[in-house]
Every structure is written in structure tokens, then in C-alpha cells.
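Same chain, two partners: chain A is paired with chain B first, then with chain C.
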Partner chain A sequence: MLTMREAVQRAIRWVDQTEDQALLIEGSYADGGRARRLHWMKNTLLTAPTEGLQGDLLDHWIGTGLLPRDLFKSDLSEEQPEEV
Partner chain B sequence: MATTSVLDEMKRLADYLDPITSAWVKTSCGSIPAYLSMNHAAYVYKFVFPSDVRAKMNPHISYMIQVELERMSNQGASSSPKLRSPGDSSHDVLPPYTETLLNKLQDHVTRTYLQTASLANPSYAFHDEGHSERIIDYLNQLTSLHQLTHRLSSVEHFLVMAGAWTHDIGFAQSSARGVHHEQARDIVFTDDSIRAYLDNNETAIEVVARLAYNHSSKVDVISIEDWRPMVELVRGQTGVVRVKHLSCLLRLADALDIDHRRTIRNPVLFKKLRSDNPASYAYHLCHQRIQSVRVNPQSRQIDVQALVRTKTDKDRIKRFINERLKLRREVKTLVPHLWSCIPDLKDELNLDIQCTTLAPALPASIVTEEFLNGKARVQAVDAVSGESASEGKSSTSAHQFDTCAYYETGLHQLRNRVKQDHPRYSEFLVYQQRLTENIGHSRRYGDTEARKAERSEMIDHLNELSLSVLGMPFTDLCGSSTPTTGQEPSERLRGN
Partner chain C sequence: MEPLDAEIVRRLVYAYPAFGDESMRQILFRVLSPEEYIKEVYPAPIIGDHFRDTLAAARRETQFNLRLLNKILPNFAPIYSVCYGACAPFDPELASRWAQLHPTEKESLLYNFIQLEDSDPATTRRNVAAYLLHEKYGHGFFFAHTRLGRQLAVLDRHYFLRNEEEGMLGVPYPRSIRQRYAEAIRALDHSAIIVNEGFAAWVELNFLAQMEGEIAAAVHPRKVFLVEQATRLYSLIAESRYFQEFRPLFDSPYQEGYEKLEAIQRAFGDSYGKKCAIQVFLKATDISLGIKVGPDGPEFSLSPEEMLNALIDPEQPDDARSDRRLRRIFNVLTYNRDHVRSEQRHLQCHRSCPHPACPVHALIAAELGW
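After this line comes the complex of A and B, so read on.
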């Protein structure tokens, strides 16, 4: 069973990797770009004041397609960043 | 509606929160990319603002956010739709390169246009990414009927998919129906990202722009030019593209998307829509009644299934299909143009309209409660017929816990019976999460009228889902020992 702390760490790791790739391709944090979105997601998740809000954020982002659902399957040992 | 005004409102209301959460809300709303504004506002509204802060929100913005939440709930978390697997007779394989282009196009169009298209005028049926996904599903059904010699080439396949994603992007710039197809065409020509995802191929761009323009019923099918250009994409994909044929396919698929997934299901929002815009309310109500539309490969006819409550309702649905939505007119106009490739496709609809007292209770009943001296009077108002029934009951906090346990049993049962690969499983998970959260709050902080109303809404959704998936109401799953005192009003009226 994944703890909230592990779930957040897993999400941050995925966002970091994907953001690096997106930045490489897009070249900047322009509004409308994927790099900007991922950067905002990371900051918002890291600064959320409670674990409860972090969990709600993850649920909301999975539900609206901003985070891949597979990321939180407990049997996954290595997450692959999505193609950008 | 400007998304900045939504964010300003969220920041204003953040002042009512504790300082740490308030600062976090303001920061997250301040640095957000514009296209994520409504998504994040919906999150903050739902998870961060307590009900007393929500009550202080500008009613218009509150309504818009609730529509957005409803849209998200209808949408679920579906994966990207694709035209069916290669190897069938309907079309050629889509190579990985063009599939990547399509995924990027879908991502860009959804974020930049479709997520705001529905907000431009919430009284319209949804023109969001879910609509495009369902169109692709209908395109699948139609192309599966194609004769082998007329199947779509991989280039045509790519371009009609691009057309499905871009055809309604004009709504993001203008809420006027009469011009959205022109706006969509112009956006395809001018948006650099869309051009890039169409391989920067001028002919491909022109084809997709024409598909977006031709999809509107304002354009006479007869006047669509039978243009058949040769399109050469970078990675060696070449083929003649039948623009008129693709236009007719896309237009028919668009016309077929008329079922309940295009509209608001939340009873409270529905009630508001009825008072704000009665004409639009009637339109949405008709969508609600339509359960499914599909192209039947055996009869090669279009089957429309609807559930209604009364004969008046039945007549209304027939009129809606035949006149308001112009589906029949569209079919009659379009099918002859598809005959060369699908020779035996019938232009008569197969209407299956059943009367039932159980379904579709979702928007039709609005439940209100009045607590008088420890007794609750429950009144159910049928939104269609105006029929009402009232009943007295006693309510105590002890019984509330029984009710919660009762619902938890139902959730457990439903979860066991709905398979994980069922198309509505993700929808169930959303409702389960909301109801569980509601019950948790009730147990921790006590029940409020707002919480009860929210719970009634969840039970409504679960009843509909359970009826549609299992053929039985959710309340039947909650156990044989139906609570007599703590039961919520909505399910007593609907589940029995």
C-alpha cells in the first residue's frame, strides 16, 4: 500500500523528469507550454500545507488527466516519464 | 468568462482561510498557466474551501465552477481514444509518427481551446474533449461499415481524427453557434502549434480547416466541393484524401453525439438552469433522456435508445431528435453522400423509447428538506411534471450513523459488482470518493443541510449508475435492512 508521502515523492520525481524533457524541447517556461505546467504542478504540490490537500491534489490531477494513473500502481518500481 | 476573474475571486475568498492555506491558494492561483485556471479553481472550490466560504462566492462564478466540476465528472479519466486497431477492414494502420502528432494535437487543442469552449456558454451542450472522443467512437462505428475497397487510408484516417479534435475549437473564441465553424477554420490556419502537428503540410492544414468548416449544418452538404488532393506527409505517407466524404463522416458522427453524456446531471445545477434559461433547460433535459446512440452493424441502421417517464416526455424526445437536434435531417442529408462507400446504410432511425418510472430520475427530481422541531418534511418536486409528494419523518444524529453505514454497504456491494474494465468504472470511483468523503465529514463534524444535499446528489448519481450497469437501484445494494428512520429522502423516493 502506497503511503501519501511515497505517492507525493513519486509524483514529484515524475514531474521533474518530464519537466526536464519538456524544457529541452520547448526551450522556455512559456505560458501554454508543458514545461510551465509541470513547473507549476511541482511548486503547488510541494508547498501544499497539509498531506490531505496533497492527496486531494493528486486525486484531482489524476482524474483530470494531468498525472498518469499508472504512476501510483504499487507494483511499479520505475516510472517512465511520458513522451513529450 | 475571463478566467482571471475566477482566479481573482479565489484569491479574495482565500482571505477567509487560515493564513498558511490562504497564502498557498494565492500563490498557486497567481502563477498558474492560463489554461489550467478553471481546473485549479474547481479543485480549490471542492477541496479547500469549506461550505461557509463557498457560500460567499460570487454566484455566477460558483455556478461556472460547478459546471466545470460536473463536466469533469462526466469526463472521468478516460484514456485517449483511437480509431480501432490496425488489421480490421475499416482503415489503414496509423504509423507511430502520425499517432504521436495526433496525441500532441489532442493535448494542445484540449488545453488551449476545448477546456474553455464549454465555459464560453454553459447553457449549450458540452463541446469539450469528451465530445471529440465520442465522435471518434462514432467514426469507428461508421468506418467499420465501409466496403473494403473504400476503406480510409492512413492519411485520411489521420486527417479525420485531426478534424474531430479541431472542429469545435471555434467555441473557445465565440459562443455564437452561427460562426464557430468559421472561427475553427481560421484557428487551424493560424495556430502555429496546430500547423506543426499537421506536419506543417499546407495541403493537410487546408483539409483539416475545411473539415472544421464543413462540420456545421450552416454549410449545405451539396455545396461542399468534392476536392481530392494528394497529401504527402513527411514520413513517406502519401494518399488521395476524399474531403467531401470525410466531411460527411465527421458531420454525421458529430450529429450522433446526443446522449446524456453531453449535459449537466447535477440536480441543483439543473434547477438553476431551468430558472435561468428555460429553453436551454428543455434542450438539456432531452439529452438526459437519451441513453445511447449507436450504428448497428447488423441492421446497418442508427439505433437511438431513450428512457422517458410519460407520454408527453416521449413526444418531446421524438420532437427533439427529429426537429431540434435535426439528427434525422442530418442523417437524411448525409447518408446519400456516404452511399458510394457504405451502400446499404439506412437513413431511417431506429427509435427505441421506453417508458419507465425508475430511470432517468437524475435531473427530474429535486429534493428539499425542511427541519421543523426535530422532524423533517421531505418534498420531492418533479421537474418535468410538477408532481409532488410529501412525507414526515423523524431524524436524529444517531440515525445518521446508521444511514452512513447503510451507504457504505451499498458502495462496497457496487464496487464488488462493477468490473474494473467497465467503461463507467472510473465514474463510480469518483462518486465513491465523494460519498466517502461526505460521510467522513458528517461523522467528524456532524451533519449540515448542505452536506445532506450533497449526499442526496451522490446517491442520485449512484442510483443512475447502478441502474444502468446492474439494472437495479443503488439503494437495493445497501442491504435488506432498510433504515426506516435515518434514510435519506432521495433514495426513499427513487429506490422503491
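After this line comes the complex of A and C, so read on.
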């Protein structure tokens, strides 16, 4: 079972990798771009004041398809960013 | 406006027949001059006079004035109330002059006042369609067709919902009752923001997309405006006991509810998605706090303390909190998506909704007891 701290770390690592790929394609944090959205997600997650709120954010992004559900399987040791 | 309304309701009824019933047809949608808008929306004399002064100052102003702008934008905007229906202020001259004085707020002024002097007719049609969907059919449906909304409608109709309307109430009764319940009513009102605004945004953006191309073009800018640019909830935390206890995920009041309903719609596909999203919304708002209308105004079955505790005590279950209910229903449904989809195909849910054995209802009942 993942702790919330580990789950947040996995999400941040995935977002960083995916954001880098998106930036390579988009060239900047352009309005409406995926890179900008990912950057905002990371900031929102890191500034959430409680673990409960971080958990609710992760649930929201998993359910809306922004984060891959498989990322949080506890037996997963290496996460690969999805294709952008 | 009538042909546009008829076109909108034709599409909505396909997703859920109650959008076309008598209670929805009776809801007025009016485009009003700012003076008429004040008369309808701010009937209390002291508040009305205050906004008449604000409007007069706005008409006189010739300089950048952020303080006045921050009074105009939140208080002169499309709005819904069970007392007067859906209203939108309309003043292209005022909006254009203010857009020249405050260029960064041009888009907000356009949305608030429907058109600027140089707007083309398509812009006006797009904005009117957006507000018909959002205010009349989004908020109107919430107050007419959900159990929680109908209780809030009782409070709204009797001037119990907004602090500034307290002066409209008789002394000592019912003003003393309103004062006793003020904190609980405020918590109830705040607990409904995310589902009510999220649903209105979902109705607007989804059904705008189905309209003819000229109107459907509004979807992207309206989505950016509602989901990415709108702010309100974080600033509400300081004065809201409800949001201090249950913090909002995002600053936009539309974002969480809209994105969850949109994701449910996508998860269950073209044939069922919209119908499922509406069923989820109805389940999330299927809350009774025992508020009903009596001969002398609202009647409460719970004491103020019981009502407040049901809403803000974290030790109490989520049964009375519509936004928390939506969150939990969303998690259960997205986690069990494949099971629900296979049941939907088996039951042929597209033929009648809700099916007596609706898999969305069944899963919510089994997992959450609602």
C-alpha cells in the first residue's frame, strides 16, 4: 500500500517527465498547452495544505484521465511517462 | 430569443426529459438594462440604492478605477434566482467604455454585459445561448429538480439565503428564525456551490457544443473563462466555516464539478454518457435536511445545531454534503467503469433512463449507501 507521500512523489515525477516531453513539442508554456496544464497541476499538488486534499486532487486527476491509474499500483517500481 | 431557446430545449430533452417540463418552461430568461437589473436582483431598498449609486459612478467615470471595477464585475452579471428567474444585464455602451478604460478586463465585461458596441451579432447569440444554458437550464434545473435545490429554493424565495436580504423580513418573525439558522444556511449554501456551478457549466459547455457552428465556437473561450480563469472559492475560505473544514480543490467554482461530470460523460460513452452524468448529479444532490415551506415561510425539521453539524462536523458522514458526495460517487464510478459499461450494454440503458436496475444507482447504493 502506497503512503500519500509516495503517491505524491510518483505523481510529481511523472508530471516532470511528461512536462519535459510536452515542452519539447510545444516549445513553451503556451496558453492552453499541455505543458502549462501539467505545470499548474504540479504547483496545485505541491501547495495543497493537507494530505487529504492531495489525495482528493490525485483521485480527481486519475478519474478525469490526467494521471494514469497504473502509476499508483504499489508493485510498480519504475513509472514511464505516457506518450504526449 | 425564443427560437434559440426552443433549439436548446430540444437537445436537452433528448438527454433528460424533465428539462422540457412545465417547471422549466415557467423560468423566465430576461435581458435587462442595468437599472432594470438592479430593480429585479437587488429589491432591498438600501442595497438597490447602493447599486444605483455604483452604476451612476460607473457611467460618470473617465479614468482607470480598479475599485469600482471590482464592484461592477461581481455584482452586474448573469444570475439565476427562484424569485426572478434568469437575468442578464445588457449595456454595450457602458461595457465598451469600461473595456477601453480597463483593457485587460474586456472579455469579462463582454461576458457580463452580453455585448460590446463593436461585437458582431454572432457574439451576442453565442453569449445569450451560453446564459440560457447556464442560468436557466443549469441552475434552473438544480433548483427545480433536485432535492437539495428545492430546499435551497424555499430559502431563496423567502429571503433566507442572502444576508443582504435580511431587511426584507418581518420583525420579530421570521427574521429571528433566519438569524438562528443563519450559520447553518450559509454552510448549506456553500456546500452546494461546487455541484450547482459545476452542473451549470457542464450543461452550458456540453450543449453549446451541439449547437450550430457559429454558436458552438463559444465552447473553447467559455471553457477557458469558467474553468481556468474564474476565481472565487479560495477567497471564500476565510469567511466560510464549510470551506475551512472541507477545502475546495480549485479556485474556480465551476472546475471540480464540471470536470467530474465531463469525465463521467466520457467514461460511459456517446450512448449513455450524458444520461449517466445527470443521474450522478441527481444522486449527489439527493439530500434532505428537512427544509420545507409552511404557511408563514420556511420550516426546519432540524435544529440549527443539528443542521450545522451535519454539514461541517468532519466526524459526521458525508450524507448532507453534496460536493463530498459527488467526489465519492465519482471515485466509485470511475474505478468501476468497465463493470458499469457492461451492465449498461446488457440492460440497453440507451432505451430508457434511468433503467429500473440502473447500474449507476446500484453501484452507488452498494458502495456508498445512497
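FYI, the second predicted complex is superposed on the first by the 84 of 84 C-alpha atoms of A that agree within 3 Å, B and C clash if a C-alpha of one lies under 4 Å from a C-alpha of the other, contacts with A are read in each partner's own complex, and residues count from 1 in each chain.
In the analysis below, a contact is a pair of C-beta atoms (placed from the backbone, for glycine too) under 8 Å apart; a residue touches a chain by one contact, two chains touch by 3 or more.
Worth saying up front: this structure is predicted, and the values here are computed from it rather than measured.
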item	value
Chain B versus chain C as contact partner of A:10, first or second or both or neither	neither
Comparing the two partners chain B and chain C, which touches a greater set of residues in chain A	B
Partner chain in contact with A:57 - chain B first, chain C second, else both or neither	both
Touched partner set for A:65, first chain B, second chain C, both or neither	both
Contacts of A:42 with chain B and chain C, given as first, second, both or neither	neither
Common interface residues of chain A - those touching chain B in one complex and chain C in the other	32, 44, 49, 53, 56-57, 59-60, 62-65
Parts of chain C lying in touch with chain A, wherever the complex brings them together	224, 247, 249-250, 256, 259-260, 262-263, 266, 327, 330-331, 334-335
Chain A-touching residues of chain B, taken from the complex the two chains share	20-21, 24, 27-28, 31-36, 39-40, 42-43, 46-48, 72, 75-77, 100, 103, 107, 111-112, 430, 433
In the complex, chain A residues that touch chain B	31-34, 36-37, 40, 43-44, 47-49, 53, 56-57, 59-60, 62-66, 69, 83
Residues of chain A defined as touching chain C within the complex	32, 44, 49-50, 53, 56-57, 59-60, 62-65
